[in-house]
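First subunit A sits with subunit B, and in the next complex the same chain sits with subunit C.
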Partner chain A sequence: MKGLLAVGLLIAGVVLTLLLGVRTVTPADVWHAFTAPDPQNPAHVTILWIRLPRLGAGLVAGAALGLAGTVMQTLTRNPLADPGILGVNAGASFAIVLGALLLGQADYGLMTALAFPGAALASAAVFLLGGGLSGDAGPIRLTLAGAALNALLLSLISAMVLMRAETLEVLRFWVAGSLSSAIERPVGAMSLIVLAGATLALILAPRLEALSLGAALARGLGTRPGLIQAQALLAVTALTGAAVSVAGPIAFLGLMVPPLARHVAGHDLRRELVASAILGAGVLLVADTAGRLIFPPAEVRAGIMTALIGGPVFIWIARRLKPGAQT
Partner chain B sequence: MRGAVVLALLLIAATVASLLIGDVHVGLAALWHGLWGGDGPGALTLRIIRAPRAAVAIGAGGALGLSGATFQMLFRNPLAAPDIMGFTSGAGLAILVAITAGLTLPLPLAATVGGLLAAAMVVLLSHRPGHVTPALTLVLVGLGVGFATSAFGTFLMTRLSTSAATEAQRWLSGSLAARDWGHALQVWTMSSVLATALALQVRALDLLELGDDLAAGLGLRTERARWALAATGVALAAAGVAVAGPVPFVALMAAPLGARLTGSRSMGGRLAAAAGAGACLTLVADLAARAAIPGLQLPIGVMTGALGAPYLLWRLSREMEKGEL
Partner chain C sequence: MTDDSLRAEALTLGYGERAVIDDLSLTLSPGRVYAILGPNGCGKSTLLRAFARLIRPKAGKITLGGEDLHRQDTRALARRIAILPQAPLAPSGIRVSDLVKRGRTPWRGLLAPWSRQDHEACEDALRAVAMTELQERPLAELSGGQRQRAWIALVLAQQTPFLLLDEPTTWLDLPHQIEVLSLLRQRNREAGTTVVSVLHDLNLAARYCDHLILFGPRGLVAQGAPDDVLTEANVDLAFGLASRIIPDPSAGTPMVVPR
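Our next item is the complex of A and B:
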């Protein structure tokens, strides 16, 4: 029953993304745009060239971030783990601004090419600094290590931005993650990476569950904690890197989705992973559509919408942590 | 005692260095004459640009250092500082709102109001009736408020023109550029009033250090004392931010740095050391930011951010080793 709700949210997200926006489109238009596309019909053009890529980007980025959040939270046993908190966004932004500074004005292809390694390096760094591999990272360690790296990268970004005004133009629109320029992003290629990351996560799921019982017990059950952690980190990096390349920084989706997925799927990690992919895509699409409708014709970018929802969720979770659980 | 002398000498050296070093050459002899009159480019640079800038740096750094020390003692946690607890990001958001909305409100005032609002929000959100708020909950809630405010700030940045965005970015990183004697007078007045207020509460801090039960037993009204101290700490941070913008990490680093330099044990001595260290840190960071890349005057916040983040990481690993996190 709860599973149906999750799927329903995803379907609602898909339908709303196609139907709603500045230009009014009827369900019949959507049907005809797919069955008998007419390049002269503005409604069909809107659907096929603007909203469909947007839908694709939302599905890929949302599912990837939902999955990455669940893997991360299971791996670290930390309800505050989220790719954004762990420095992914700052890392990607840093790489892009550096590229824009060194190479002149950045185009979308360059941004994508730079976002991935920046995101991957930063998330790996925070994970290691926060004691992630020791297997008993408390919620606060990782969060604060992420905050520290964020601060460092932000001040370096700030220095670069003030050296050249053009880089600020690149930065301030990139930093607010969005699905709007989806057509210029490599959604297809990134969906393959997401697929690979998702497969790896699903294969790892039983061993991750064993690991979440504690490193010693996992070793007793015949698994190798270090290897599993490294593989899980690889999956997380692939997933978040792909999401950042497609949509830019989308904050807090990886924080909000896993608890919802656990609620929907119960305590079976494989089912949880599937649920988090569905919910991640659904929430992102709904947030994106809502952002387009709040102040038309201006749009509040999806990354800002998720951050505005996610900030309070973060506070709520932080408050619920018992003092003992914080160690 | 020796430590205090060292700190004082450091402060003097940093002041002299920040008066001497810059694009316009000023010699030691010119420094003395330039301060008391005379003209020529060196003397004018000194009197109109560098001396007020150094005065603002000392006042703001001292205020931020005192603020950080107050919070760290109050929560008995080296991570409790206005930068970590959302105050700074609230101040930044308010600056952005003021620029975006084209308010005629002076930016320092906006920063102060925003910082106060964010700090109040953090305190209210982490407070649970009947419980003492654990310091770490406060820190985490502060981070959460920081995330939400910076998301809103990111949204506002996308709505600004290029020139307004550059202006905002300069303010947001914290800067001491183009400060005049008016700013210096403002921050010195506010800081001295608040430092006096803090000095009157040193006994309360001393008692709270013994633990709430013992403090109450010795006749302290702990709840009221905590609120008064927190209010003083927030006001001190506001005094600093109002003239220098949200300079990150000075408040976090000043007290531990001061304690290490002076080794002072008494509460008053530690506070004074924190103020001195904050002033030193601000002067040196501003100097380094100005001189780091020739021809480009970086704002001070870039330098303290780059210094403070490794410090925060180091502090974290220390706390982890001690098993406190």
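Our next item is the complex of A and C:
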């Protein structure tokens, strides 16, 4: 039943993304755009060249952030852990602003080229600064290292923005994620990375479940905690890095989807992962569509909409946490 | 005949410079119930953790079936030795049945679905700890004794010939301590599982275990049948405690009464 609701949300997100927006199209238009595309028909052009890439970006980024959030929260045993802890968003922003500063240009091609490497480098740095991941304290050290690197990168970004005003323009476009420029983003390539990250997460799931019982018991169960943690972080980095290069930083999605997924799927990590991919994509598409409808013809960016929705959800999660519920 | 014993050979364990266990040789034979006893800080838990390969020896080795533990495949070893550490972590909101399922980790392939065998092992483990009725309940809602039984069900579902438990009765009240120890002994008698527990209560250990291993501040004091190990001299050596040993009026096993 709850599973059907999640799938229903995703279907609603897909349908609304295709139908609604500045130009409202009919279901018949959508059908004809796919079966008999007419390049002269503005509705068909809208559907095939604007809405469809947008849908693809939403599916890829939403599913990736949902999956990454669930892996991250299982790994750290912290319901308030966000994949952003690994510095992925800050790393991508830093690389883009630095690129704009050094190369003196600001276009989507640059953002696209720099986002993923920046994200990957930042998460590798957090991993090294955190001293790897040995023992039960590993996730806590990692969180601290991530917080430190995030703060450092954000202050460096501010410094660069103050030095050169043009970079502010770049940051302004980048800082709240959006699906609107999907056509210029590497959605195809990133969907492959997301697929790889998702596969790795699904394969790791039973061992991650063992690890969540503590390192000693996990080793007794025949798993190797250090290896699992490293592989899980690799999956999180691939997933969030891909999401950030497709859609920019999307706030709160990786934080709010995992508890919802657990609510839907129960304590079975493989099912939770599937549910979080479905819910992540569904929530992002609905948020994006809502953002296009509130103040037409202006658009509220998806990254802002998810924060608006995520804030209350986050408070709900925090209030549900019971002291001692961990024992 | 293959030798299925778990054996410490000239084993030295410790953290940093300090050796907690020094040059110890000890054999744990299949099919028996062992208790490791001694004062706090004597290295009981360290030894147990070494038997489960959670600690690498500073010197000497531990062998299972004659082969060095540290040369064996991790997953294969987890099908032969299970350990329940002190204070394992429970994911918040987890139900008993989901917890017990995780005991099947070493038996599951990378992508293999949940098998009939997995299901039966979990059912059997829940039955052994009398938790079948409670399996749908969240762990956090159970009493301390029930929670401990759920954790024991997890390691029973692992279906290993050796079961190691680090202080399985600490924090439990007396009826629950007896419940845990008697279910462990029952598992031993029915499935032939070798049970090795770190315990604090000497009298209960004498009652429920076949073989006691008693440590003092300076290493192994005595090991063997409860009658041979629990003597006034040994208790004094291990704990620095003057005592009298009398037969337990109920079970006939030795009982330590402090003077």
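To be clear about the criterion, the second predicted complex is superposed on the first by the 283 of 327 C-alpha atoms of A that agree within 3 Å, B and C clash if a C-alpha of one lies under 4 Å from a C-alpha of the other, contacts with A are read in each partner's own complex, and residues count from 1 in each chain.
Quick note on the criterion: a residue touches a chain if its C-beta (ideal position, glycine included) is under 8 Å from a C-beta of that chain, and two chains touch if they have at least 3 such contacts.
Please read all numbers here as calculations on a predicted model, not as lab measurements.
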item: Contacts of A:L217 with subunit B and subunit C, given as first, second, both or neither; value: second
item: Contacts of A:G282 with subunit B and subunit C, given as first, second, both or neither; value: neither
item: Which superposed partner A:A251 touches (first subunit B, second subunit C, both, neither); value: first
item: Touched partner set for A:R77, first subunit B, second subunit C, both or neither; value: second
item: Which of subunit B and subunit C A:A151 touches, first, second, both or neither; value: first
item: Which partner reaches more residues of subunit A (counting touched residues only), subunit B or subunit C; value: B
item: Which superposed partner A:G21 touches (first subunit B, second subunit C, both, neither); value: neither
item: First (subunit B), second (subunit C), both or neither touched by A:V161; value: first
item: Set intersection of subunit A contacts, subunit C complex versus subunit B complex; value: 321, 326-327
item: Sites on subunit C touched by subunit A in the complex; value: 49, 52-54, 74-79, 81-85, 87-95, 98, 102-103, 105-106, 108, 110-111, 140, 147, 154-155, 158
item: In the complex, subunit A residues that touch subunit C; value: 74, 77, 79, 136, 203, 206-207, 209-210, 212-214, 216-217, 219-224, 262, 266-268, 321-322, 324-327
item: Residues on subunit B engaged by subunit A in the complex (per definition of touch); value: 79, 84, 125-126, 128, 134, 136-137, 139-141, 143-145, 147-152, 154-155, 157-160, 162, 165-166, 169-170, 172-173, 248-249, 293, 296, 298-299, 301-306, 308-310, 312-313, 316-317, 320, 323-325
item: Touching residues on subunit A, where the partner in the complex is subunit B; value: 80, 85, 129, 131, 138-141, 143-145, 147-149, 151-152, 154-156, 158-159, 161-163, 165, 168-169, 172-173, 175-176, 251-252, 298, 300-301, 303-304, 307-308, 310-312, 314-315, 318-319, 321, 323, 326-327
